[in-house]
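Below you'll find a set of structures to go through.
Okay, so subunit A shows up in both of these, paired with subunit B first and subunit C after.
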Partner chain A sequence: MKTIYFDNNATTRVAPEVLDAMLPYFSELYGNPSSMHSFGGKVAYELEKAREKVAALLNASHDEIIFTSCGTESDNTAIRSALDVQPDKRHIITSSVEHPAVRSFCNQLELKGYRITEIPVDQNGLLDMDIYEKSLSPDTAIVSLMWANNETGVIFPVEKAAEMARSRGIIFHTDAVQAVGKIPIDMAKNYIDKLSVSGHKFHAPKGIGALYLRKGTKYSPYLIGGHQEKNRRSGTENTPYIIGMGKSAELASANMEKEGSVVRYLRDKLENEILKRIPNSRINGERELRLPNTANISFEFVEGESILLMLNEFGICASSGSACTSGSLQPSHVLRAMGIPFTMAHGSIRFSLSVYNTMEEVDFVIEKLPPIIEKLRSISPYWPPDSNPHDLTVRTKHENE
Partner chain B sequence: MKTIYFDNNATTRVAPEVLDAMLPYFSELYGNPSSMHSFGGKVAYELEKAREKVAALLNASHDEIIFTSCGTESDNTAIRSALDVQPDKRHIITSSVEHPAVRSFCNQLELKGYRITEIPVDQNGLLDMDIYEKSLSPDTAIVSLMWANNETGVIFPVEKAAEMARSRGIIFHTDAVQAVGKIPIDMAKNYIDKLSVSGHKFHAPKGIGALYLRKGTKYSPYLIGGHQEKNRRSGTENTPYIIGMGKSAELASANMEKEGSVVRYLRDKLENEILKRIPNSRINGERELRLPNTANISFEFVEGESILLMLNEFGICASSGSACTSGSLQPSHVLRAMGIPFTMAHGSIRFSLSVYNTMEEVDFVIEKLPPIIEKLRSISPYWPPDSNPHDLTVRTKHENE
Partner chain C sequence: MWEYSDKVKEYFLNPKNVGDVEDPDGEAIVGSIACGDALKLTFKLDENGRIKDAKYKTFGCASAIASATAITEMIKGKTIEEAEKITNQDIADFLGGLPDQKMHCSVLGRQALEKAIANYRGSVSDKESEGKIICNCFGVTDFEIERTVRENNINTVEEVTNFTKAGGGCGGCHEAIEKIIKRVGNENPQAGRPKLSNIQKIKMIEETINREIRPYLRNDGGDIYLIDVIGNRVIVATRGAFASCKASGETLKHLVESKLHEMVSQDLSVEEVSK
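Right, the complex of A and B next:
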């Protein structure tokens, strides 16, 4: 059965060009870039060229790019480092819809005595900028706000937020894992101090990331050992993947605009047809301020996991929009933070597209999904809603997960 | 020019079988193992099979294996975790010849108020077990001693040392990065609580590691975010490399004994011929208790870096035996800790072999090296040594680097 892959916010296919670029570095050019022989030196040279390509995608300088093993490491490093270099500051500002690499990490820090402020979002997933401004304090060590949400695709005004932090001398970090490669990022035009990148979200492999660190930002490393990455991240460099992420950055720089409009067209078609064909469905997240590839759609009175299982029968890969992969019946913290009614949040599906998707695949989903929802509703005691004796549309309690 | 690669303790060639095993996971089976669709589920299944293979190499249980991004991450995690779960204990025992992933990390911890004891070694690189025993204290949070030294190949009695720690209720960690895949390791027969593995030291790629964590050992994660690795190491799994390290573990399990004796034969030939042909040369490190693949040889009154440059002209890759890659003129901390005379330590070369080396390559080095040393000595003001008015054979001062 053909795989119809609509789960690109979870991970992406490695681009064939990326794989080709990496291949020589496994069994031929396998030297250690730190070694004192030309066999290693050649690899070191190519590694720096890859760094320049990643920097170019962000319009940054090559020495502002630190390679890491993943977005989680970049996020953890960015926050931990800000605390280490400012031991007197004990306050962190973040949002209620961050990825667990920020949110769970901050929960841990809270247990160690740090004060965490989670800025709320409205029902469209937009950040409350008034509360944000009021939360900035002399005790704030770092602000960490995501550029684009992994579940809804909603884009935060991080450049504006960074400017507000900068004017108060506060370090600003953004988890841009879902934004990089999908929308333009220009670090020369903003005041963001640190930015997390994950290769596997834009067609490099799983297991490589980067941390953008603006020149002059105080920093301490998280992994400590050898002299790699100018003492900013120890550990032998993952040279094949660094070369690969360089290539995927180069591809994104060249094709983002064109590919973005193609992907947006497919996504919009998918959304509009689904809304048209399936009653009691809605898009979660502000429609205009969104990534071009993400559609988070709620189907009232059905279970997201049941929908996924039935889509899976047709080879269609999507996500329940929940960061929780343990089979918990709690809907995602993002949708709960947005105050999406329980009956809607439970039946939410994230379709996330890439340039490898086709109109044929979109048509296939549009054809297969309505009967799935209809079937699931036919066995639901709560459907049709006007037959329902209980008020299930109350907002869910915001639990700490 | 053909590359003659004798730098396998720095990094190794990815085995062709490993590359073949990984290849499908880049652009075909690229699903996220945490995803709720069979496309991701199939990857999760293969990932667990790889975990079992890595466990088998150590004779451990699959759930004692946590995948990390590198040996450095495993080392840092092992030590940090022991401190986190025992906040009242402030003492760490390690040795004077550890890899920077342990030694530099401990130096950082010292700055934060932890007390570090570095057990010394003798001139053969052997650990002083009396001092070790006396250093174990109720305040000791963790002992971290390497299984085999990266520069000399000398093997520490970590199983004995772990038993002594266990009897006092102290957590024991070993950096086994250079031992895994080269010598047998049987975790069912020792009391080691944590053990670091690095894939690229045994023909998996650079950028994948593992931390063995004995069942029941108290632990806290270093990278925090999603639920990967049973909440023990967050970050999307590097599935291609995990599959690859599974394969390289399987190859090592099957071939270690046979390959080890071949590699030892080549190494011994290399050493014996060099000692025979080059006056004022010596092997560093206890000859019997060593990895089969490592030869660390000093050539009196020459500079290691000059030797490396001239070997490089013939395509021969080796290492100066120094962890410092910055071009510093300080000889390695390992040789200094062993009290190797300055005039010897400066001219030290590490040849580290693998199963991909051939007798032809060994013969090539044996042919090319003597004239190199002779030429370098001919321009040295200190050669021949009996013409030297200064006593340069004093031991170097042990500096903190």
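Right, the complex of A and C next:
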């Protein structure tokens, strides 16, 4: 069975060009970039070229890029570092819809006595900027707000938020893992101090990330050891993966605009057809302020895991914010923070596209999905919506007789 | 992805007995859409008092749909007295097992059956409405938790959550659930704290040190390592600020010991490895 992959916010396929670029660094080019011989030196040279390519994607300077192992490491490092260099500040501002790499870390910091403010979002997933502004205080060590939400694709006004933090002397971090490679990012035009990047979200392999660190930002490293990454992240460089991410950054820089509009077209077609063909469905997240590749759609009165497993029977890969898929018992914290009603939240499906998707695949999903929803609704006690299954006759049969 | 048995997959993809029995003798709905699963069960008896037909409608995940098919298949042909003996474990077994976190689907099936039988017998108050609500997020009573703990030999809050959902929301009721587990455990010491094999014991000691004790010591610049477990003697090595200080040695022993007593076994004693 053919795999139809609509789960690109979870991870992406490694671009063939990226794989080709990486392979020599697993075999003949195995030198250590720190070595004092030209065999290692050649690798160091290529590594710096990769750094320049990642910097170019963000319109940053090459020495503002620190390679890490993943987005989570970048997020953790960015926040911890801000606390380490400002030991007297005990307050952190974040949002109610952050990725666990920020959210769980902040929860842990809260247990250690830090004060955490989670800025709420409205029903469309948009950040409450009034509350944000009021929350900024002299005690605030760092603000960490995601650039784009992984579940809904909703984009936060991080550049404006960063400016507001800067004017109060507060360090600003953004988890841009879902944004990098999908929408333009220009670090020369904003006041963001730290930005997290994850390679596998834009066609590099898993296990490589980066932290953008603006020149002049006070910093303290997370991993301590050798002098790699100018003492900002110790550990021998993961050279094949760094080269890979350099290549994928280069591809993204060259093709983002063109690919973005193709992906947006496919996504919009998918959404519009689904809404048209399936009653009681809705898009989660402000439609006009989203990543071009993400569609989060709720189907009322059915449960997400069931939908996913039926899609899976056709080789269609997607994800869900329902309780059952998360392993927890409540729907995703993002949908709950948005106040999506339970009837909708449990039946939410995220389709996230990439440039490798085709119109045929979109058509296939449009064809297969409506009967699945219909089948599950025919099993559901809550369908049709005007029926009330809890309205059972309380009297028993005996009494009736 | 969940590891579902073939039978769960089969019943999910090809559900049987969907719908409402016409003019039912017993009917019930349990769960709610807010909780993420709900099950409506109806059945009809034949002239000999055996269940002739049973149907369901359900809102939920694959294992909820499969559990609903299972319960309707299982009760057909049975008398009410036979049907009411079915436990949630029987439903899970019928399905070839369920993943731990999905056991609540089998509990939902059992609850629906119980409530439908109560409805048949004319007792309006069903068993779940007895007791007081412990978990507000999912509306689970102490009665239900106690019963599930007893029937399934449960001894952690996590398991209670897997089976009943209680404690799976805000977490505010964990302490209350803990108390119920202890209470049931005291009735039957085997259920509260099963006898540990040596390997289980060492594993639990190690986990307790890693999770509960080490982070605490590290805050003060110290560290602790498990060296050996000989019978009930736990041999540890320590490092850091307090390690050199004789006086704090007693504090440390007390701290580690009381944590291990709480988490693993009352019989353990802690010794520091001789330097």
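Criterion: the second predicted complex is superposed on the first by the 381 of 401 C-alpha atoms of A that agree within 3 Å, B and C clash if a C-alpha of one lies under 4 Å from a C-alpha of the other, contacts with A are read in each partner's own complex, and residues count from 1 in each chain.
What we mean here is this: a contact is a pair of C-beta atoms (placed from the backbone, for glycine too) under 8 Å apart; a residue touches a chain by one contact, two chains touch by 3 or more.
This one's a predicted model, so the numbers in the text were calculated from it and none came from an experiment.
J.: Once the shared chain is lined up, is A:Val158 touching subunit B (first), subunit C (second), both, or neither of them?
T.: Neither subunit B nor subunit C is touched by A:Val158.
J.: Touching A:Ala21, do we find subunit B (first), subunit C (second), both, or neither?
T.: After superposition on chain A, A:Ala21 lies in contact with neither partner.
J.: Pick one for A:Ser380: touches subunit B only (first), subunit C only (second), both, or neither.
T.: second
J.: Using the superposition on chain A described above, determine whether A:Thr3 touches subunit B (first), subunit C (second), both, or neither.
T.: In the superposed model, A:Thr3 contacts subunit B only, not subunit C.
J.: Looking at A:Leu83 after the superposition, I want to know if it touches subunit B, subunit C, both of them or none. Which is it: first, second, both, neither?
T.: Once the two structures are laid over each other on A, A:Leu83 reaches no partner at all.
J.: Please indicate which partner A:Glu305 is in contact with in the superposed arrangement: first for subunit B, second for subunit C, both, or neither.
T.: A:Glu305 contacts both subunit B and subunit C.
J.: When the two structures are overlaid on chain A, which partner does A:Leu145 contact: first (subunit B), second (subunit C), both, or neither?
T.: After superposition on chain A, A:Leu145 lies in contact with neither partner.
J.: Does the superposition put A:Thr11 against subunit B (first), subunit C (second), both, or neither?
T.: After superposition on chain A, A:Thr11 lies in contact with subunit B alone.
J.: After superposing on the shared chain, does subunit C or subunit B touch more subunit A residues?
T.: B
J.: Does any part of subunit A touch subunit B in one structure and subunit C in the other, and if so which residues?
T.: 305, 309, 323-325.
J.: Which of the residues in subunit B end up touching subunit A in this complex?
T.: My answer: residues 3, 5, 7, 10-16, 18-19, 26-27, 30-32, 34-40, 69-73, 75-76, 99-102, 104-105, 108, 198, 200, 205-208, 223-227, 234-241, 305, 308-309, 311-312, 315-320, 323-326.
J.: Hey, which residues of subunit A end up touching subunit C in the complex?
T.: That would be residues 112, 301-303, 305-306, 309-310, 313, 322-325, 327-331, 342-343, 346, 378-382, 389-390, 392, 394, 396-399 of subunit A.
J.: Over in the complex, which subunit C residues touch subunit A? Could you list them?
T.: Answer in residue numbers: 2, 12-13, 15, 18, 24-29, 32-40, 57-62, 64-65, 101-102, 104, 119-122, 124, 137-138, 161, 165, 168-169, 219.
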